[in-house]
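So, here's a batch of structures to check.
One chain, subunit A, links the two complexes that follow: it is found with subunit B in the first and with subunit C in the second.
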Partner chain A sequence: MATTRILEGLGRLYIGLLLAFLYLPIIIMALMSFNVSPFYQLPFEWTTEWYASLWQNDQLIAATWNSLEIAILTTIISVVLGSAASLALFRYEFLGKKVLQALLFPPIAIPWLITGTAMLIFFFGVGIGRGLFAILLGHVALALPYVIVVVSARLQTFAPELEEAARSLGANQWQVTVRVTLPWIMPGVIAGGLFAFAVSFDQFVVSYFLSTPGQTTLPVEIYAAIRKGFTPEINAVSTIIIVVSMALMLLTARFFKFGGEK
Partner chain B sequence: MAAQSATASRSGLRSALPLLAPAYIWLTVAIFLPLSAMVFFSFMTDLPLSGKPWAFTLGNYAAFFSQSLYLTLLLASLRLGLEVTLWCIVIGYPAAYVLAKVLKGRSREAIFLLVILPFWSNGLVRIFSWAMVLREGGILDTALNAVLPFKINIDLMYSYPAVIIGLVHSYVPYMVLTCYLTLQAIDDSLIEAGRSLGATRLQVLKRVIIPLSMPGLVAGAALIFVPVVGSFMEPRILGGRTGTFYGTVIEDQFVAVFNWPLGAALSFILLAVVLVILAIASPVLRRAA
Partner chain C sequence: MAGVQVSDVSRSFGAHKALDDVSIDFADGGFYALLGPSGSGKTTLLRQIAGFDFPDSGRISIGGESVERVPVEKRRIGMVFQNYALFPNMSVADNVAFGLSVRGEAKAVIATEVQRALDLVQLGKLGGRRPHQLSGGQRQRVALARAIVTKPRVLLLDEPLGALDKALRVDMQIELKRIQREIGITTIFVTHDQEEALTMSDRIGILRDGRLVQEGPPEEIYDRPRSEFAATFLGDANIFRGDTTGNGIRLQDGTAIAAGAGATLAAGAKASCAVRPERIRIGTDAGAVDSDANMLKGQVSKRIFAGNNSTYFVERAGQTLKVIVQNTGADRLAEGQDVVLRWSPESTVLIAAT
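Entry: the complex of A and B
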C-alpha cells in the first residue's frame, strides 16, 4: 500500500512537471510583453507601452480585422453547411454514405503544407487568385470536417423516435427539424462553431500561402514580424491571441466533453 | 410521409442530397480539386496561366531522384518526425496513465482540460514563446546562471534540439489525449486480476496495459508524425540556418524561388509518403473503432 501511495505521489508530481513544461514558455512570453527592455533584458520593469504601440500599428490592426472577419464568416458558413450535412448523414441511408464519411478525413489528416500549396496552385489556375476570398474558401473547407464530426457525435445521442413522435403529432419536416432536432443537437452545433472559429483564427499555414501583401491575416503578419526580428510588440499581440483562443476553448469545453465521459 | 415508420428507410439519396451538396461541393472546390490539380501541375514545365509556353514533363520528379539534396532532406524530416513522436510517447504516455488511473473526479477533469488547452491555442505563438526561453541571455540561460556557481552559456536557439523541443511542446497534448481515451476504457478489474494472480507492476504494464492501449499510442503517433514531417514554420523560427528540412524546401519553391511545378512534385511525394504511413497505421486504428 505504501508503494502505491508513493507511486501516486510521483504521478501527481509528474503531471505538475508536464504542466510546467506546457505553460512556462507561454507565461514567460506573456510577462515579457509587460517588460520595459526592448531586448527582453532583466530586471523586470512593468510597462504597457508595447500594447500602446500595437494600437499605432495600422498594418497589424488591419490584419486583426481580416482575421476576425474571416473567422466569423468561416464559423457561420461551416456551421450551417456542416450541420445540414450531419443531419443528412444521420437521417438517411444511401449508397456511398461510407465514402462520404471517409472523405472527411483527408482534410484533417493531410498536412496543411500540402493542402495550402495545392489550394494556391488551384486557385491561381482557375483565376480565383490569392487574397481574403481565397483564404475564406480554404478556411471553411478546413473547418467543415470538424463541424460535421462534432455535430454527428452529438446526433449519436439523439433518439429518432422523438422525430417520429413530432411527425405523428402533425409537425412537418421543417417544424420537426427546428423544434425537435435542432434544440437537442445545439450543444454540438455550438461546440462545432467554436472549433471552426479556432481553426480559422489560429490558422497560419494555409493563410500564409493564400495571402497577398495587402490582404493578410494576423498569424501571417506575426510570422513576417518574427522573421524580421523579435520585438516585445510581437509578445503583446501574441499574448492577446493566446488569451482569446484559450478563453474560446474553455467555452467550448463547457458545451462539449473532450474526454468522452458523461 | 408520416405513414412510413423508420426514418432510415425513407428514399435515401434524393432527400439527403440538398442537405449534403453544399458542404461536399465546397470540400471538392477547396480541397479535392486542388489536390488533383497539384498532381497535374507537378508534371508540367511551367504554369499554363503565366503566358509562357509549357509542356508535360517528368523533370520535376527526375529532379527529386537525381539530386540527393531532396532525398536527404526528406529523410531528415522523417527522422525529425520519428524523434518528435518518440519523445511525445515517452513524455505523454505516463501523463495519460496518471490522468486515467490515478487522478479522479473534478481534479482529473480540470487537469485534463489544462493539458489539452495549449493545443488549441495558436501554434505559431507557442513556437515563438520558446524563442524567449532558449535564446542566449534568455530565461533558461539567466535562470541556470543564477543557480549555478560557474558561468555557462546556454544558447540552444537555432539548433536541432530547439526544433525538437518546440515540436514536442506543440504535439505532446495529442499523445496525452489519444492515450488517455484508450487507457480510460481499460477496466480496473483487469489490472487487479493481473496483480492478484501474482504479476508484478511491470508485468501488468507490459502484458495488460500497454497492449490494450496500443490503438491510442498508434493514433497519437500517426497524428503527430504526419504534421511534423510536413512542418516548416517551427524549423524556420527555432532552427534558423540549421532548420532546413523537406517542408522548408517546399515553402521556398512557392514563396521564394517560384518554381511551383517542382514545389507541386515535392508536395505530392510528401503526400504519397504520408498516405503510406496512414495506411500502415489504419488497421490498428480500425480495430480500436
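Entry: the complex of A and C
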C-alpha cells in the first residue's frame, strides 16, 4: 500500500531526526578530538595528539582514577545495600514500611545542587568534611534509590510461591535467597548496578561541592580545566567518558530486555 | 511416611476466623481431599499442616511428632503448588534435585534419585529441559517429582490440577493416584472440584467458613450427608424442609416424606430431607405402587438431554425438583407434562435444621 509506505518513510525520517538531535553534538565533539586544529578549524586533519597529551596530564589521569574508584565502590555498596533493602521491603511487613518506601524515592527528584549543598553542610557538621570519602558517601546516597527502584521492579515479577516451594524442600533462608531469589532478580541487580555506576561516574554537582583541590573526580577536573582555558584534551577525555557511559547504558538496556525473559 | 493429626486448630486473620476449631485425623498412607468453596479455609488448613503459617491455638502432629511451631523447612513435607512453582532458572533435573541438594546429599546419590523420580512421573528423558519448555501437564509432573524425591512424610497438594484442561486433568488424576499408591505416601489434597474429590480420595473433609462440616469416605458423605450444605456441595440434592415426625418430615402442605436414613430427631423439630436426583423415579401413572414409597405430583418444566441421561426439572408447590433418568430407551417425558415422582425412604436422608 502506498499510504503504508509513506507512513513508514515518515517514521524512519522521524527516528533519523531524533537520533541526529541526540547524537550530532556528541559526534562532532568526538570528531574534533581527532582534529589537528584546537579551534575547530576545517578541513579536518586526523591526529591522536590530544589523546597523547591527555596521557601526559597527570591531574586529569589522577582524577579519572578517582572517578573510577569511587564509581566502582559506589556500585558495589549501593547494589548490596539496595538489593537487601528491596528484598526486605518485598518479604516483610514491618512498622513504618509504607513511610520508608515512600521516602526512598523523592531523593531522585531533588535537584543535585540542593542535595550537594545539604551534604556539604551536613558532612561539615558531623566532622566528615570534604574529600574522596565524602564524595563516596554522597554518591552512594544518590545511587541507592535507583538501585532500589530497579531491583524492586524486578521483584514485582517474582512469584513468592518459588520461595515457599524452596522452603518446603528444606532450604533455609540463605539457600532460598542465594539459589532461588537472587538468580531471578539478577538482571535487576545488574541493571541497578549500572545505574549506580553511571550516577557516580557522571556525577558533577555533588562531587564539586564535596571535593578538595587535590582530591577530585574527572567531571570536576574537566570543569576546572575548561575554566583555565579550553583545550582539545577536554574533547578527548569527554569522548572517552561518552564511550564508556554509552557502553554502560547499552548494557543496561540489554539487561532490561532480559528483564522480560520468562 | 506418617499420619497427620490436626487437633482443635484455630487461626484468625484480623477479625476473620479462617479456621475455627478444626480437628481431622489423616491416617498413614491415605489419600484425603479437603473440599470446600473458596474462603472455606481449606488452603489455610493445608498451609498450617505444611508449616507456612502457625495456628493461633490447637495442635498439629506428623507421625506422632508435634510440629505446630516447626517451620516448613524442618517439617519434611512435600508440597505441590497450584501454579507448579518450578524454579525458572533451573533445568527440570535441577528442580527435582533441589531438595536433595540443599540437604547436602552426594552428587551421585542425587543423580540416581532424580532419575528415579523423573522415571516415576514418566519424564525420564526430559531432565535437561527448562520449565518454560514444558507443557502444563509435564510441569505438573515435575512439581510432583520434586515434591516426592526427598521422601517426605506427607504429600500436600494445593489444587494441583486446577490449571489443567479437563482431559488432561482426568489423566493426571489417574496418574497421581497411581504414584500415590506406588509410594504409599499420606496425601492431603485441596480442591474445590467435588468430582475430583469423589473419584480420587479415600476420605473427604468438607470445610465451610473455617469449620469442618463433615468428614468421611466419599460414599458415606454422598449417601449420608449430615447437613444441607454437605448434601448440596458434594453432588446435587433435592432438599425438602418441614417438621420432623420421628421417621421423616411433614411439609407445610401436609405431605409426609419418610426418611430411612440420617439423624434421629425428636418429633416436632424443624428438619429437612435430602434426596439425590438419580434416586427419584419419574412417571405419568398415578396407579398402585408400593405403599411405603414417597410420592409427589408435579409438572415437568424443563428437560435437559445429556446423552446417557436426562435431567428433568419438575415444579411442585413452588419448588423445583431435579430428577436424573438414565437413558434406557424408554419414552421421554415432554415439558409441561404432569408427572408422579417416587422414591424409597432408604434414599431419603433426614437432616437436622441448622
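The rule is short, and it goes like this: the second predicted complex is superposed on the first by the 244 of 262 C-alpha atoms of A that agree within 3 Å, B and C clash if a C-alpha of one lies under 4 Å from a C-alpha of the other, contacts with A are read in each partner's own complex, and residues count from 1 in each chain.
Just so it is clear, contacts are C-beta pairs under 8 Å (C-beta built on N, C-alpha and C of every residue); 3 or more make two chains touch, one makes a residue touch a chain.
Since the model is a prediction, treat every value here as computed from it, not as a measurement.
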In the superposition, subunit B vs subunit C on subunit A residues touched: B
Subunit B versus subunit C as contact partner of A:Y14, first or second or both or neither: first
Which of subunit B and subunit C A:R179 touches, first, second, both or neither: second
Which superposed partner A:S168 touches (first subunit B, second subunit C, both, neither): both
Subunit B versus subunit C as contact partner of A:A159, first or second or both or neither: second
First (subunit B), second (subunit C), both or neither touched by A:D58: neither
Doubly contacted residues of subunit A, that is, touched by subunit B and again by subunit C: 164, 167-168
Residue numbers on subunit C that touch subunit A, as the complex places them: 50, 52, 71-74, 76-79, 81, 83, 85-89, 98-99, 102-103, 132, 146-147, 150
Subunit B-touching residues of subunit A, taken from the complex the two chains share: 8, 11-12, 14-15, 18-19, 21-26, 28-29, 32, 40-42, 81-82, 84-85, 87-89, 91-97, 100, 103, 106-107, 109-115, 117-125, 127, 137-138, 140-141, 144-145, 148, 160, 163-164, 167-168, 173, 198, 202, 204-205, 208-209, 219, 222-223, 226-227, 230, 234-235, 238, 241-242, 245-246, 248-250, 252-253, 258-261
Interface residues, subunit A side, partner subunit C - complex: 159, 161-162, 164-172, 175, 179-180, 183-184, 262
Subunit B residues within the subunit A interface of the complex: 1-2, 5, 7-10, 12-13, 15-17, 19-20, 22-24, 26-27, 29-35, 37-38, 41, 47-49, 91, 94-95, 97-99, 102-103, 109, 111-118, 120-126, 128-133, 137-139, 142, 169, 172-173, 176-177, 180-181, 184, 226-227, 229-233, 236-237, 247, 250-251, 254-255, 260, 263-264, 267, 270-271, 274, 278
